[in-house]
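You will see chain A twice below: alongside chain B first, and alongside chain C after that.
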Partner chain A sequence: MNAPPDPRLHSRSRPRPRLRARRDVVVSLSVVVLLVVCVIAGHLLLDDAALRPNSAPRSSPPGVEHPFGTDHLGQDLFTRVVKGLALSLGIGVLTAAISTAVSAVLGICAALLGRRVDGVVSWLIDLSIGIPHLIFMILLAFTVGGGVPGIVLGIALTHWMSLALLVRADVKQIRGAEFILVSRGLGRSPLFIARRHVLPLVLPQLLVGFVLMFPHVILHEAALTFLGFGFSPQTPAIGILLSEGMPHISSGMWWLAVFPGLALLLLVLGFARLGDRVRTVLDPATSNG
Partner chain B sequence: MALVVSGLGYGHPGGRTLYRDASFRVEAGSVVGVTGPSGSGKSTLGALLAGDLRARSGEITVDGAPLPRRGFRPVQLIHQHPERAVNHKWRMRSVLRESHAVPRRTLDLLGIRSEWLDRWPAELSGGELQRFCIARALHPATRYLVADEMTAMFDAITQAQIWHALSGIVRERGLGMVVISHEPALLDRLCDERIAVERLR
Partner chain C sequence: MPRLVLLRLLRLATLLIGVSVLAFVLVRNSPIDPVQAYIGADVNITDEQLARLREQWGLDRSPVEQYLAWAGTLVQGDFGTSTLYKAPVLDVMGARFGASLALMGVAWTMSGVLGYLLGVAAAMHRGRLADRVVSWYSYTLSATPTFWLGIVFLVVFSVWLGWFPVGLAGPQGVPATDVTFAQRLHHFVLPALTLSAVGVANIAMHTREKMTDVLNSDYVAFARARGETTAQIFRNHGFRNSVVPATTLQFAYFAELFGGSVLAETVFSYPGLGSTLTEAALGGDVPLLLGIVLVSALFVFTGNLIADVVNAATDPRIRRRA
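Take a look at the complex of A and B:
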């Protein structure tokens, strides 16, 4: 007699972890893309006029005309939030790109160019990790003179270390591969080997690093600006909005802090989750998701 | 014109000494077999000849000149596992081009079909991949070949085809060849001379 098949063996209700991760990537990617498209569209469509002191009612709570309300100068908060997010996105892309590039170059060089280069890079990594990064970041931003270059360099140059360590470890495993020995025997230069053999193999790692860097950058940009080392007060940056809105939260004008805060949270969580899921799909071994 | 090894000494870092004072020569145009039990240092010898490892003492000269440290090496090693000797992110066409523009005739002799050139390494069998590795090693500037258990992974027919093609090319170009293997029958057929690794200690 044949026993009936165990329904648990054939159940489709619990997809395998990697399949689920793939689906999650699609979901979080769509959320992030939707958000980014909205922000860019808003940035292009919204009129700067709403940012200048004008005849709009001052300090009005959220309503039909001003969905996020207005501040004490009559500026539309919705416009400021969208402009602030657009600025954050731009800074995020630029900074994440720079720090990923630094990690890739230093990580690959350390692993490929022999013990002396490795020693110098490791020393640089240890040194940079040793300095508390908020202080390091403020110092760098302050030295460059604040504004966009200060923020970008300050964050990029304090956040390349962990990815550089990962890349270095990966390349140390790859460099002994037989196809690299063959390439060397054929007279190919270390630069050729780094570009053509090694880079394609660490690209997934770099991609994940880039996406995970993004929410970090946006938060730190807000933090730097909040502390007064980032943008000048008239720039519609999220950090400025938050530091301006904070004092008003207890005086009843809650919308000035809550809406910028929520927008920041949404963007950061979206990217953080996306990066996490992408890692699960590309590199199941090192992720625990 | 010969690949000359004189007074070669080598031991793995932190391990036992494999060679203390090994000397032998491979004349251009001749085939020398290297035999020995597993773990006796046959592959290490191959890596030393090809310049992948540096000798602790002694020297290796190719047609009178020392093995170059940089640039193209005139002694080319063919590995046992072709799938590890090829970057799996490259198409076969690029794998060949990394060495040189391999002439059509060489491809034909080795039995490489033109449709294989557009495939990924994962889409070819081990025997097919090994033909590419051989073609790649046959650079115009190559003077000596070291075949390290090159066909140990393959069935008898593939082995016969590959060796038949390669010995033809090697004879035609007057290359010297070192065949590392522990198959006496294979070495009997191919080699002019045989060296037992134990003798090199």
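Take a look at the complex of A and C:
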């Protein structure tokens, strides 16, 4: 579309839009990498002793010794939050990877294997969109019996739809290309075509999809755990910290409720920003921001 | 148009059957034994009574037979008996659906209107302060865990400022029938505020993008060249082109709205369908769980159906094709 160029983008003080978008990606990526490194380093370096009851004053507000304060058992909240974020990251990577794989397989199949498969996939997409994510996850957690398998399965199976639609649309555009028709004429199987010709072309789309999915996955894991369907109460997950902190906020211990959520928010925001900016660089037409 | 509605209704029926099969299969394969969950810690029950319960609930038949029997009673309007509440599922859901509907209705309307206005304002002042504030707000809110926002509201408004009570739809210890409307409202504000604040982000971002496209179009450039003022441009071109996608989006938002209300209701112990769902799943109340899952799916499918119909009814290009 021929939108009139924004005059500000051509003034001398600002780099050209394309360059600016790339610079933004580098900035976002650095922030995210820094966050991730800090969380992992903290997870490895922070001493579990801080989690043992009675090792510190109980219910103390944030201070120099305990930057996020301590809970009613004297556990250091900062240590617990860092460990919780590390757990979120791990679950996030695993689940988003599975979900991306599901989108890729179903999206490519729908586009390559004819109308009937396409119909089945789009019915599946409608079905999965129709049950509220959280409720589908609760159902799955109920079936699997909670814990890590329930979280991973539930979240992976509720986040593949939009990416699958994008992949399907992309593949439909290239499936009529000459190199694919030639390959098909030579008697190559659909699997071969999908692997050798289609997958490399949709890989950038999958990568962006993965990064964009990541924040949703982390948020849903926290919500599921908070409701009592995710990690067990012994795990230092963010959702557990928040549900444990809830009963204490009326006695004024606000830090128990504020810091775990704030830390999660920052992590999610970092990844969401990165995903949007990568999309802007790879595909400037469909994004604006 | 009627054909489109009919096709959509047919699809809705197949989807509902799909959901019921899926939910049934998932629940049947769970490690929780419904009979055990029903009797709970009651030790005075004999093996004979257990066997009779199993037979009565049809647990000794094949899964397909069980599904068909269950679906048959569903069609007759019998959702079974809640094991937690010892009452018909329909009654349990009916009492709570109203509370949830009020909560979601208010949040849906407020977030829709406010989000649309903010999105329009951002697009009209693109790159300036208003745009930055709206974008920043939407971005942050879409990265915020809904339940955490509820907790923060509790900390700020209930604990620090003392304006609102900490949870429940009415004061504790007062029979439900004696709760006044004002008290009810008092307990209603924070959950509604939480849901609205989260909902605004989605619609504001989309309206901002849509409106920006409209303002960058050739016909708006021409309108400007003709001397139309900004207000005229909005009235003549911007409003119609942006309000339909916003409405569609808001109807398609039903799924997230329902999920959000599960979280908000749990945080504020608001006795709606969402907090009951959590209770049912944690307490192994299979009939109630299945009932709420089906109702939520029906709710979301209806939203998507309305979105499609609104789209078709207002857009002549789609209307002609259908």
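We adopt the following convention: the second predicted complex is superposed on the first by the 275 of 289 C-alpha atoms of A that agree within 3 Å, B and C clash if a C-alpha of one lies under 4 Å from a C-alpha of the other, contacts with A are read in each partner's own complex, and residues count from 1 in each chain.
Quick note on the criterion: a residue touches a chain if its C-beta (ideal position, glycine included) is under 8 Å from a C-beta of that chain, and two chains touch if they have at least 3 such contacts.
A quick note: this is a predicted structure, and the numbers were derived from the prediction, not measured.
Colleague: Let me test your reading of the model: by the given contact rule, A:L242 touches which partner, first (chain B), second (chain C), both or neither?
Modeller: After superposition on chain A, A:L242 lies in contact with chain C alone.
Colleague: With the two structures laid over each other on chain A, which partner does A:I131 touch: chain B (first), chain C (second), both, or neither?
Modeller: Second partner only, chain C.
Colleague: Applying the document's definition of touch, where does A:V27 land relative to chain B and chain C: first, second, both, or neither?
Modeller: neither
Colleague: Based on the superposed arrangement, let me know which partner A:L73 touches: chain B (first), chain C (second), both, or neither?
Modeller: The answer is neither, since A:L73 touches no partner chain.
Colleague: Taking the superposition on A as described, I'd like to know which of chain B and chain C A:P200 touches: first, second, both or neither.
Modeller: first
Colleague: With the two structures laid over each other on chain A, which partner does A:S250 touch: chain B (first), chain C (second), both, or neither?
Modeller: second
Colleague: In the overlaid three-chain picture, which partner chain does A:V258 touch, first (chain B) or second (chain C), both, or neither?
Modeller: The answer is second: A:V258 touches chain C but not chain B.
Colleague: Considering only the touch criterion stated at the top, classify A:G185 as touching first (chain B), second (chain C), both, or neither.
Modeller: First partner only.
Colleague: Check the contacts made with chain A and report whether chain B or chain C touches more of its residues.
Modeller: C
Colleague: Inside the complex, what are the residues of chain A that reach chain B?
Modeller: Counting only chain A, the residues touching chain B are 177-179, 181-188, 196-197, 200-201.
Colleague: Quick one: which bits of chain A touch chain C in the complex? Just the residue numbers, please.
Modeller: Contact set of chain A toward chain C: 1-4, 6, 8, 123, 126-127, 129-135, 138-145, 215, 219, 222-223, 226-229, 242, 245-246, 249-250, 252, 254, 257-258, 260-261, 264-265, 268-269, 272-273, 288-289.
Colleague: Okay, in this complex, where on chain C does chain A touch?
Modeller: 11, 14-15, 18-19, 22-23, 26-27, 29-32, 127, 135, 139-140, 142-148, 151-152, 154-155, 158-160, 166, 209, 212-213, 216-218, 221, 255-256, 258-259, 262-263, 266-267, 277-278, 281-282, 289, 292-293, 296-297, 300-301, 304
Colleague: Touching chain A in the complex: which residues of chain B?
Modeller: Touch list, chain B to chain A: 50-52, 70-73, 76-77, 79, 81, 84-87, 89-90, 98-99, 133, 136, 139.
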